[in-house]
Amino acid sequence: MPLRHFLTTQDYSRAEIDALLDEAAAFKRSPLGRQMAGKSIALLFFNPSMRTRTSFELGAFQLGGHAVVLSPGKDAWPIAFAPGEVMDGEAEEHVAEVARVLSRYVDLIAVRAFPKFKDWAEDREDRVIKAFARYATVPVINMETITHPCQELAHALALRERLGNLQNRKYVLTWTYHPRPLNTAVANSALLIATKLGMDVTLLCPTPDYVLDERYMQAGYENAKASGGSLKVSHDIEEAYRGAHVVYAKSWGALPYFGRWDEEKPIREAYRHFIVDEAKMALTDHGLFSHCLPLRRNVKATDAVMDAPYCFAIDEAENRLHVQKAVMTSLLGQP
Amino acid sequence: MPLRHFLTTQDYSRAEIDALLDEAAAFKRSPLGRQMAGKSIALLFFNPSMRTRTSFELGAFQLGGHAVVLSPGKDAWPIAFAPGEVMDGEAEEHVAEVARVLSRYVDLIAVRAFPKFKDWAEDREDRVIKAFARYATVPVINMETITHPCQELAHALALRERLGNLQNRKYVLTWTYHPRPLNTAVANSALLIATKLGMDVTLLCPTPDYVLDERYMQAGYENAKASGGSLKVSHDIEEAYRGAHVVYAKSWGALPYFGRWDEEKPIREAYRHFIVDEAKMALTDHGLFSHCLPLRRNVKATDAVMDAPYCFAIDEAENRLHVQKAVMTSLLGQP
Amino acid sequence: MPLRHFLTTQDYSRAEIDALLDEAAAFKRSPLGRQMAGKSIALLFFNPSMRTRTSFELGAFQLGGHAVVLSPGKDAWPIAFAPGEVMDGEAEEHVAEVARVLSRYVDLIAVRAFPKFKDWAEDREDRVIKAFARYATVPVINMETITHPCQELAHALALRERLGNLQNRKYVLTWTYHPRPLNTAVANSALLIATKLGMDVTLLCPTPDYVLDERYMQAGYENAKASGGSLKVSHDIEEAYRGAHVVYAKSWGALPYFGRWDEEKPIREAYRHFIVDEAKMALTDHGLFSHCLPLRRNVKATDAVMDAPYCFAIDEAENRLHVQKAVMTSLLGQP
C-alpha cells in the first residue's frame, strides 16, 4: 500500500476533506495534546514564510512534537532535483539523498517551493515537491508550491464557521492588482476547494489572459459537476460581486506572459481598480471577505474592507494552526 | 482593563520592578518549571541577536513553553507600519495583520527593532513596537528598540547581587568609542533604571552633543527625584570615575549628527581615550564594571578590565535568562 | 579535573569509542528518553548544515532537551577569536564573551567552523573551536572544523552494523573530483577512525599533492600500529579497489595549492575519472560504499553506485542522530 502524502486536496475525497475539517475544529476547541509526542516534522522553506512556519512549528509543539526548520540554499545545502543529473553546477546535494536522509530523522516532511517564474511549462510540473514525494519514505506535506492545500483547508474551515452549509453559496474569487507578478497557487487552490464544497464559483479577472491554468479550470469544472456546484469566468466586476456570499481576493501574474513580466506589467497596471473596496462589497448579499495573507493594504483591499466585521482573513490565518494539526496527525496515523 | 505590555520600565512602579527582580532571583535558584506549559512566544528580530534570542528561547523551553524565532524581511515577509499606507513598496504585509495573526498563534510577542539611523525625530517615535502593541491582542515585550528594558532588569539584578542596597551608590554611565554610530537604547535604559533604583548617576560623555535624548534625561531627573537618587552630566573623566561604585560602558552616536554620520565620525574618533581601562578603574571606590555585550575588546574596554573580577558583564548576560522568565510569566499571569 | 570536550576522536581511547558506539546502538533501538530533560545545547554554525543541524536538534528533542541554533555573522553578531585583538574591524564580539555567556545558558556548545581556504598554516590551527574550548565552562562538541568526529562515529557504527568485526578489513579512502576545492575534514577523519578500528587502510589519491596533512597521516600510522591495522598511500586506482571491503569517497583540495586554487583547478580537472562507478566497485571483494553527504551525483559517484544495495550512505547519515545522542549524554554525565 503506497504511502499517502498531502500534496493536493484533489487526492482527497469530499468525505476525507470533511473529516479533516472536523478534526481541525476539534483541535480548535482543544489545542493541546500528546498526539505527536516524540514525533517530528521537517519544514523545508525554499521561500519565505510567516504564518506557515509559525503554525506548523506551534502545531507540532502543542501536540508534543518538534519541527525542524530548514532553508536549503541559505542555512542548508542547495539541492538538485533532476533524475540522472551530472551535478557540476551549484547544487551540492540531490533530493534523492535529502529526502531519504530526512525520512530517517523525521516522521513528516513539509515543503514550500514556489515557481521560479521563468517558464510556466516547467513550473507547472511541480517538480520539487513531487521529487520529495517520490524519494521520501515518510509522508510529504505541501506548504505551497503551485497549489496551497493547507490554505484551502483553513479557508474551508472558516467558511464553515461563518456560513454553515456552503452548498450553492455564491463564491467570487477575484483577481487583484499587485506590483509584482505573483504565484497562482492560492487562486488555483481557492478554485479547487470552493468547487469541491459545492459552491457556485465565479472567477473574476480582468481578461482571458488572467484565467488560471487549464488543469485547475478543468478540475474546478469536474469538482463542480460532482458536488452540485458551478464554475464560471467573469470579467465584469459588478456582475461578479452582485449577490455574492463570499469574496476571496488574490493577485497573480497572467500565464501567457509568464517569464516575460516586463510585457505584462503595463497590462496589469491598467487593472488597479480591481481592488476590493466598500463600494464593491456593497453589491454583495451581506458578503464575507477574505484573503490568504500576506496582503498589501490599499492595493489589494482597502483598510475599510480589511477592518470590517465581514473580513475573516484573521480567522482563516488562525485556522492554519488547526487544520495543519489535523493533516499531521492524520498522516501519522496511516496504517 | 487594557492589556499590559512590557515596553519600558517607566510603565512599571518601583515595587513592580522589585517584584520582577525577586521573581527572577527565584528562577535563578530554580530554573525549571511548567509555568509556560503549552504556551508560546513569537520572537521577531528585525536585527541580529545572540543573547536575547538564546535566553528567550531557553527561558520558554525551561518552563515548558516554546519560542518561534522570526526574522521579517529575511525568512518572513517584510512589514509595513504606517496607518493608511498604500502598500505598493517593498512591504508585503501590514503590522495590523502580522500582530493580529500572531496573537492567534502565540501567547506573547517579543520584538527587536533598532532605529534606522537616518532621522532621530522619526526613530524616537519607536513606531514598530508601538504598532505591535496597538494591534496585538496578547502582551508585547521589548527586546530592544530605543530602550532595552530586559537588559535593565538583568543589570539591576546583577547590581543587587553584587552590592545589595543600591541607594545612593555612585553609578557612572560612560560613553565609549566604537567605529560605528550605535543605538542609544542601552544608554537610555541604564539611565532610567539606575535613577529609578535610587543611585547617584553620572552620565559621562565627551561633549554636550553626546548627551542622551531629553525624554530620557527628563525621565532620569524625575526618577532620581522620586527615588532619592541623583543625575548629573559630566565631561570630565577623572571626576566621573573618582569614587564610583559602578561603571557601566556603552557607545552611541551623537544625536545632533543623527543621519549625518560622516560629519560625526571625525569628532567621535577624537574620543578613543574614553576606553575603560585599569587606570580609570583605579580611580573608583573598588568599583564594579559592566557592559551589555556585545563588546569590542580593547576598543570599548581593555582585556584587563573585561577579565577582572570586578567585571560582571557575564553575570549580567546570564541574568537575561532569569529576568525574562519573570517578565514572561508575569505577563502571562494577567487577569 | 579538566572539562572534557569532544573535539577529535584522537582524545578518546579505543575502549571509549567502542562505548560511545554501544551507547549509540542502544539509542538506535530505543530513540526516546529523558536523559536531557531541561538540558540544552547551542549549535553554532559558521557554515551551512542539513544533517548535522537536524540530527543534533532532534537528538536533543528526543531526549527531552532543546537545541538553540545560531549563525554568527548572519542572525547573530560576528565574532573575533585572536587573544588581545583590538577589535576595530567587523567583529562585534569576542569568543571570550560568546563562550562564557553561552556556558551560562546551555549545557553543551557545538561548533561548525570550516577552514577559510586561504592559508592552510592558519586553518590547520583550528583556532575557532579551540577558542571555544578554552573559554567555555561547558563541554564543546566539534560539528566539523578540520576534522569531523561525529561523522567518524556515524561511519564506524554503520561499518560495525554491516561488517561486524572490522579488524584488518581492507578500507579504501578515495579522493574524488569536485568542481570546488573542499575541506579535508572528513578525509582526515576517515583516516583517523579507520586506522583506530584496526582496518587496513589505503588512501587513494591522484598524486602526492593530494595526500593529507602530515598530522593526520602520522596519527593514522600510529593508530594503525596500536590497533594492528595498516595505512598506505596509493595512486593506482585498480590496485586500491582490488579486494576492498569498504570504499569511502571524499573530495578535497590539494594542500600544496591551498589558497592558490586557480593553479590547482586544471590539475584537479584532470582527475574526474576518480569518480566511484560500478566498474571500480566490481574490483572490490563485494565491497561496501559510503560517503558523508552532501554528494554530487555523477560527479563523485554515479547514480548506480549511490542507489546500489552496497551503498550505506543513508544508514551512515541516520547514525549521526544516534551517535550524537551518545556524545551529548556522555559529556553531560561527566563527574
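Which chain is which? They are A, B and C, in the order written, and residues in each are numbered from 1.
To be clear about the criterion, a contact is a pair of C-beta atoms (placed from the backbone, for glycine too) under 8 Å apart; a residue touches a chain by one contact, two chains touch by 3 or more.
Listed by chain with UniProt protein names: A, B, C = N-acetylornithine carbamoyltransferase.
As the structure is a prediction and not an experimental result, all values here were calculated from the model.
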Have a look at where chain A meets chain C and say same if over half of the interface residue numbers show up on both copies, different if under half do. different
Magnitude of the superposing rotation for chain B and chain C (Cα, nearest 5°): 120
Note: chain C sits from chain A at a C-alpha centroid distance in Å of 40
What positions in chain C touch 2 or more of the other chains? 74
Can you list the chain A residues touching chain B in their complex? 31-32, 45, 48-51, 53-55, 57-58, 61-62, 71, 74, 179, 293-299, 303, 306-307, 313-314, 317-318, 321
Of all residues in chain C, which touch chain B in the complex? 38, 40, 42, 66, 68, 70, 72, 74-77, 80, 83-88, 91-94, 96-98, 100-102, 104-106
